[in-house]
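Each of the two complexes below includes subunit A, the first together with subunit B, the second together with subunit C.
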Partner chain A sequence: MTKVIINGEEVDIELTKWEFNKIKDILNREPNLTETQMVSVMYSEHCSYKSSRPKLKIFEDAEKNYDYVLAGPGQDAGVIDIGDGYVLAFRIESHNHPSAIEPYHGAATGIGGIIRDILCMGARPIALLDPLRFGSLKDNPHSQWLFKYVVKGIADYGNCTGIPTIGGEVEFDDSFETNCLVNVACIGLGTIEDFEHAPSRAYNPGDYVILMGGSTGRDGIHGVTFASRTLTEMSEEDRPAVQIGDPFTKKMIIEATLDAVKTGYVRGLKDLGGGGLTCATSELTGDGNTGAEIQLRKVFTREPGMTSYEIMLSESQERMAFIVKPDGLEKVLDIFRKYEMAHAVIGRTDDSKVLKVFDNGNLVVNMPSKALAESPTFKREEKKPSYLDNLLSQKTPKYSLSLEEIIYNLIASENICSKEWVYRQYDHEVGVRSVVKCGDGDSGVLRIIGTDKFIAASVGVNSKHCFLDPYEGAKGGLVEVCGNVIANGAKPMAMVNCCNFGNPEIPESFWYFSKAVDGMNDFCRSLKIPIVGGNVSFYNEDEVTKTAIKATPMIMIVGIIEGEKNIITLPFKDVGNDIFLIGETKAELGGSEYHSVLHNIEGGVPPTVDEEKIKAIWEFLFELYNRNLVKANHDVNKGGVVITIAEMCFRNKLGANLDFNNCYGEKLRDDEFLFSETVGRFVIEASPKDLDLILDLATQFKIDLKKIGMLISKPEITISGIKSKQFKLDLVKMKRLYDSTIPNLMDI
Partner chain B sequence: MQANFIVEIIMTNKEMARDPVGATIKRDLLAKKGYDMISNVRSGQYLRIHISAENEENAKEIIEDMCNKLRIFNPVTQNLTILRVSKS
Partner chain C sequence: MNIKIAVIQFPAANCDLDAIHVLNNVINVQADLVWHNHFKESNYDAVVLPGGFSFGDYLRAGIIAAHSPAIDEARIMLKDGRPVIGICNGFQILTEAQFLPGALLRNESLKFSCKWVNLKVENNKTACTNKMNVGDVLAFPIAHGEGRYYTDNLKELEDNNQIVFRYSTESGDLTEEANPNGSLENIAGISNLDQNCIGLMPHPERASEEILSPKGTVHGKLFFESIIDFIKRRVS
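Right, the complex of A and B next:
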């Protein structure tokens, strides 16, 4: 907070003195209160990316490097061309701060916001995915409360708008206790024509500016400056910043918007989210190199007596801004009337490159449109935290429980157990596109109606790995999430990310961000995956304890499957089939569930990524797919290889005889092999008649592949070929533990 | 001495917050039938609770405390008003 004098009155503003003086330089005069507050919103971290932009520049060339990328970073959503005249638009963003204060409405309006982002690319939202982070649930009513209502908020909003929630990911860790993470992702499907119709810019002077949807109220003023701070005790007072969503109105907005875009008269489209009308008008004109005159009193307000500053900054939900060609104005308004959506023509664009806002004839804002859209950036310091070396050198203690007891403990742990309690609340089938549903695959798979193409999408990253090594952790996250779509038979097409970190003004927190960005960039370049969008949420830091959340560069991958016969699912299918482990296992237990659940330590050596090996494994898998050799596939993830196999057995009540002879050398202990979370590994099922062919192909592709066992009809897993004596796991018991953890913790 | 009371409470969205239910009723039911004189509708939830307490004040206190602790309403977005306390 800075104190400045405006019109002879002392006011508190969110800008620094330097930023305030910069506005004076641009305007060549003193800004008034409305102008100052508009700038302070646009220069907030949330709108301007002032700390992250210098670093994120390395992502900017996706459109240039890949033919099929139509919109890359910096737009409301990434857009790719998937052939047959269709495009996919997708984006992931955070709604962490509002959800930490009011989980239900915070999460719901997060969904509302991401739907609008997709909509303004001219695409129909067809799927939602929600990665979440909370504090541990055990004996923690606060975390249980957040978890319960965040999930309910997502479910209620998503279900009411008729968009299926097809995937997500949840991790529990105490670093998220006061700063939970609610990341929301949406995928939209549209035609190339509609996408080209609706840029999020106003390129043409003389077009009408129309506001459509909900009315403008005093809610959520300065929501973005609130998101650009840490949550303090003061946040209780800031609570009016939380919004109330209205999914039924949103459904009408979706239909009205898509209808309007179809007319071809809409030449610019922008949603009103963070920063409200200020952000929408300045970005439309600033990016389009035009100006506009806005008549403030045309905006339909919910309450009488709102000041110009309140109208410009309101973040009321469910509003869209349209830039419409003059000769199509009545046609577009007729569509809004048909859907009974409130609307108003609030102004016109011009070629002045100045944004002028009039309040009853008085000029209240008169600023170059670029001044608002292009904020200054800051180079932040980065420094590796001093505690890391100690953590990385932590050794895996000797284990005292038997291996089978350890596995029973792991399968029941919060981070490994079934998340059915969550996805049962989501409608994942509405829209009749869902093919592979929650629990049946590593990713959600959707049909593109009218073609034989399918979309696979997955989200995730391992926060514990990133905490120990953000560079390798971010790469590992990519390996895992790409692995999820590949396990379902899809080729990864593009990536979007949502960077959740602590306070960027603290060098240690910024170091995590910087390293994670480098990791994502290096991996995506070597594996040829375009990065088409991102969102940054800083200040996820507890003011009282001065600790940041574990670094969470959340990753979303969208892939394409050509042909229904090429969809692979997770459950094991037939007794007698062979089970293979693909990829080498290393003693990488740093940040593993085994370390945290059994030994209560966070350190150790986390997984590292060898891009060449990963690439070979992916190519090998697609070769197997082409020859129809794979019956089931699941990537090896938290808890290690036995947990992965158990998850594959559950659905069809099968069992497995496993022999790990020759899978790991002298140097690895049994627990290091069984519970390692080395990334990039897969477990596949294949018919015994194809054994020789698969082994030959593995040699040809130079990848590590071992036959580790066979499927049996009895629901048990027997494990031999390890250094300790062989043992047996009861899958009925494992399934019970797997299913009951979250319902028990949530008392339901 | 305990006596029986009825406490009636009403929960509404805060004035500043939007109220989709009220807005829908206004738009769909009233505006369509030509009730132009209606300018605003706000919705709420009503609870009628039977309670045994020492006196009216005590009954009121118990209910207020309960609603806050158990989050019967959402203090972030809603107001709670005790409409009346009466002997049952």
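Right, the complex of A and C next:
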């Protein structure tokens, strides 16, 4: 906070003195209170990306380098051309701070916001995915409260709007206890024509500016500046900065907006999210190189007596701004009338390049459009945290339990156990597109009705790995999330990310961000995955306990499957089929579930990524797919290879005889092999008649592949070929443990 | 004959397009999406009230939609024997409009629940079960938070053979475990006395295509084909 004098009064603002003076330079005069607060919002970290922008410049220009990328970073959502006249729009963003204070409405309005971003691209939202982070649930009522109401908020909002929640990811770790993470992703499907109709710019002078949807109230004022600070003990008082969602109105907005876009009269479209009317009008005109006159009292308000500053800064939900051609005004308004959506023509664009806001005839804002839309940036210092070297050199203690007991402990652990408790609350089938449903695959798969194309989408990253090594951790996240869509048979098409980090003004926190961005950049360039959008959430720290969250560069990948026959699912199918492990296993237990659940340590050597090997494995898998050789596929993830195999056995109540002879050399111990979280590995099922062919192809593609066993009808896993004595796991017991952990903690 | 079915679009109905898709593209019958204020019964042979959250389910699920002009139109169809079908939220609307007896309460778990269940056919004389056999077990998914059926007049319902579907195991047993929401006597769907008005919580439109169905069943098709059959027989 900075104190400045405006009109002779001392006011607290969220700008630095330098930023305030810069505004004075641009205007050549003192800004008034409304103008100052508008600048304060637009220059907030949340709106301006002032700390992250310089770093994010290292990403390649996706729109320029990939023909099929139609919209890249900086737009409301990334858009790719998937052929047959269709486009996909998708984006992921955070709603961490509101959810940490008010989990139900925080999460719900997070969903509301991301839906609007997709809608802005002229696309119908068809899927939601929600990666979440909380503190450990065990003996922690606060974490249970956050978890319960975040899930309920997502469910109530998503279900009502009729958008299926097809995927997500949850991790529990005490660094998220007060500052939970709620990331929300949405995918939209549209036609190229609709996408081209509705850019997020007001580029034509003389068009009408229409506000449609919910009324403007005093909720959420300065929500973005709240999001751009760390949570403090005072945050409870910020509860009014959390908006209230109305999914019913949102559903009407979706239908009315899509109908309006179809008329062809909408020339620009922008949602009102963070920064409210200020952000929408300044970005529309700033990006469109126009100006506008806005009549503030045309805005329909929820309560009388709102000041110009409150109307311009309100973050009330469920509002959209339309830029409409003059000759189509009535046609567009008729659509809003049909849906009984409140609306008002609040102004017109002009060629002045100045945003002028009138309150009952008084000019209350008079600023160049671009001054608001283009904020200054800051170069932040970065420094590797001193504690890391110690952590990285931590050794795995000797284990006292039997391997069998360790596996039973792992399958029941919060981070590995079934998340069915979560996804049952989400309507994941509405829209009749969900082909691979929650629990049946590593990603959610949707059909595109009328084509033989399928969309696969997945989100995730391993926060514990990123905490130890953000560069390799971010790459590992990409390997895993790409692996998830590949396991279902999809080619990864594009990536969007949501960077959740601590305070960027602290060099150690900024180092995590910087390294994670480097990791994403290097991996995406070498594997040719365009980065089409991103969101940065800083200040995820708790000032009371002085802890930063574990770095979480959340990744979402959208892939395409051509042809129904190429869809692969997770469950094992038939007794007698062979089981293969693809990819080399290394002694990478740093940040593993084995370390945290069994040994209560966070350190060790985390997984590293070899892009060339990953590439070879992916190409090999697609060769197997082309030849129809794969019956089931699941990537090896938390807990290691045996957990992966158990998860594949559950659905069809099968078992497996496993022999790990020749799978790992002298150097690796049993626990290092069995519980390693080396990324980029897959377990596949294939028919025994194809064994020789698969082995030949593996040699040809120069990849590590071992036949590790066979499927049996008895629900048990036997494990031999290890250094210790062979042992047996009861899959009925494993399934019970897998299913009961979260219900036992939550349904009491 | 040229059969026409209306699917009513209440504000925030959200399975409306799904029902339209299945009727048009899977059953190959003409189905129109009709905005609730624009619905005229005289144009249609049957009406489907689709799933969703009509009017946000504010106040109580289905109650606001039950006062829509579309319901006055549907009442004319109800009386002259044309099929009036309510799926999920549509079922809630039909009980609120008193086309069907009873009420749908919060699930026993107090949570929304989305999963595939098994339904046992109890009555195959209705407008949407005449192509099924009594005792058939169907696989349909549910997706609701308020689907626990309750009535004070259970005996009357049973005596009049108004119970159409019950939640069951795959082999047709009516167990407590097979009941996903705590419905009275595992009731999943009921009809009126004339058997032309049926409401059910599960979603036949999500179970009409092999690609969407975990076990490749398409029992939802039987549901919609029964409606077509009923219309044809009624007219002839």
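Annotations for the structure displayed:
By definition in this document, the second predicted complex is superposed on the first by the 745 of 748 C-alpha atoms of A that agree within 3 Å, B and C clash if a C-alpha of one lies under 4 Å from a C-alpha of the other, contacts with A are read in each partner's own complex, and residues count from 1 in each chain.
Throughout what follows, contacts are C-beta pairs under 8 Å (C-beta built on N, C-alpha and C of every residue); 3 or more make two chains touch, one makes a residue touch a chain.
Predicted model only: the values in this text are computed from it and were never measured.
When both complexes are superposed on subunit A, subunit B and subunit C end up sitting side by side without clashing. Of the two partner chains, neither subunit B nor subunit C is touched by A:N96.
Counting residues of subunit A touched by each partner, subunit B versus subunit C, the larger count belongs to C.
In the superposition on chain A, contact is made by A:E340 with both subunit B and subunit C. Of the two partner chains placed around the shared chain by superposition, subunit C is the only one that A:G431 touches, whereas subunit B remains out of contact. The superposition places the C-alpha centres of subunit B and subunit C at an angle of 60 degrees about the C-alpha centre of subunit A, rounded in steps of 10. Touch criterion not met for A:S413: it reaches neither subunit B nor subunit C.
Using the contact criterion defined above for the overlaid structures, shared-chain residue A:R302 touches subunit B, although it does not reach subunit C. Judged by the touch definition given at the top, the superposed model places A:N637 against neither subunit B nor subunit C. By the touch criterion defined above, A:F248 reaches both subunit B and subunit C. Once chain A of one complex is fitted onto chain A of the other, the partner contacts of A:S51 are absent, as it touches neither subunit B nor subunit C.
When both complexes are overlaid on chain A, the residue A:S314 reaches neither subunit B nor subunit C.
Superposition on chain A leaves subunit B and subunit C with their closest Cα atoms 6 Å from each other. In the superposition on chain A, the residues of subunit A contacted by subunit B and by subunit C overlap at 246, 248-249, 340. Those residues of subunit A that touch subunit B in the shared complex are 101-102, 104-105, 145, 214-215, 217-219, 239-240, 242-244, 246, 248-249, 302-303, 316-317, 340. Residues of subunit B touching subunit A in their complex: 13-20, 23-24, 27, 71, 74, 76-77.
Residues 155-156, 159-162, 246-249, 251-252, 338-340, 423-432, 434-435, 437, 440, 447, 449, 564, 747 of subunit A touch subunit C in their complex. Across the complex, subunit C meets subunit A through its residues 11-12, 14-15, 17-18, 21-22, 25, 35, 51-53, 55-58, 109, 111-115, 141, 143, 145, 203, 205-206, 209, 211-212, 214.
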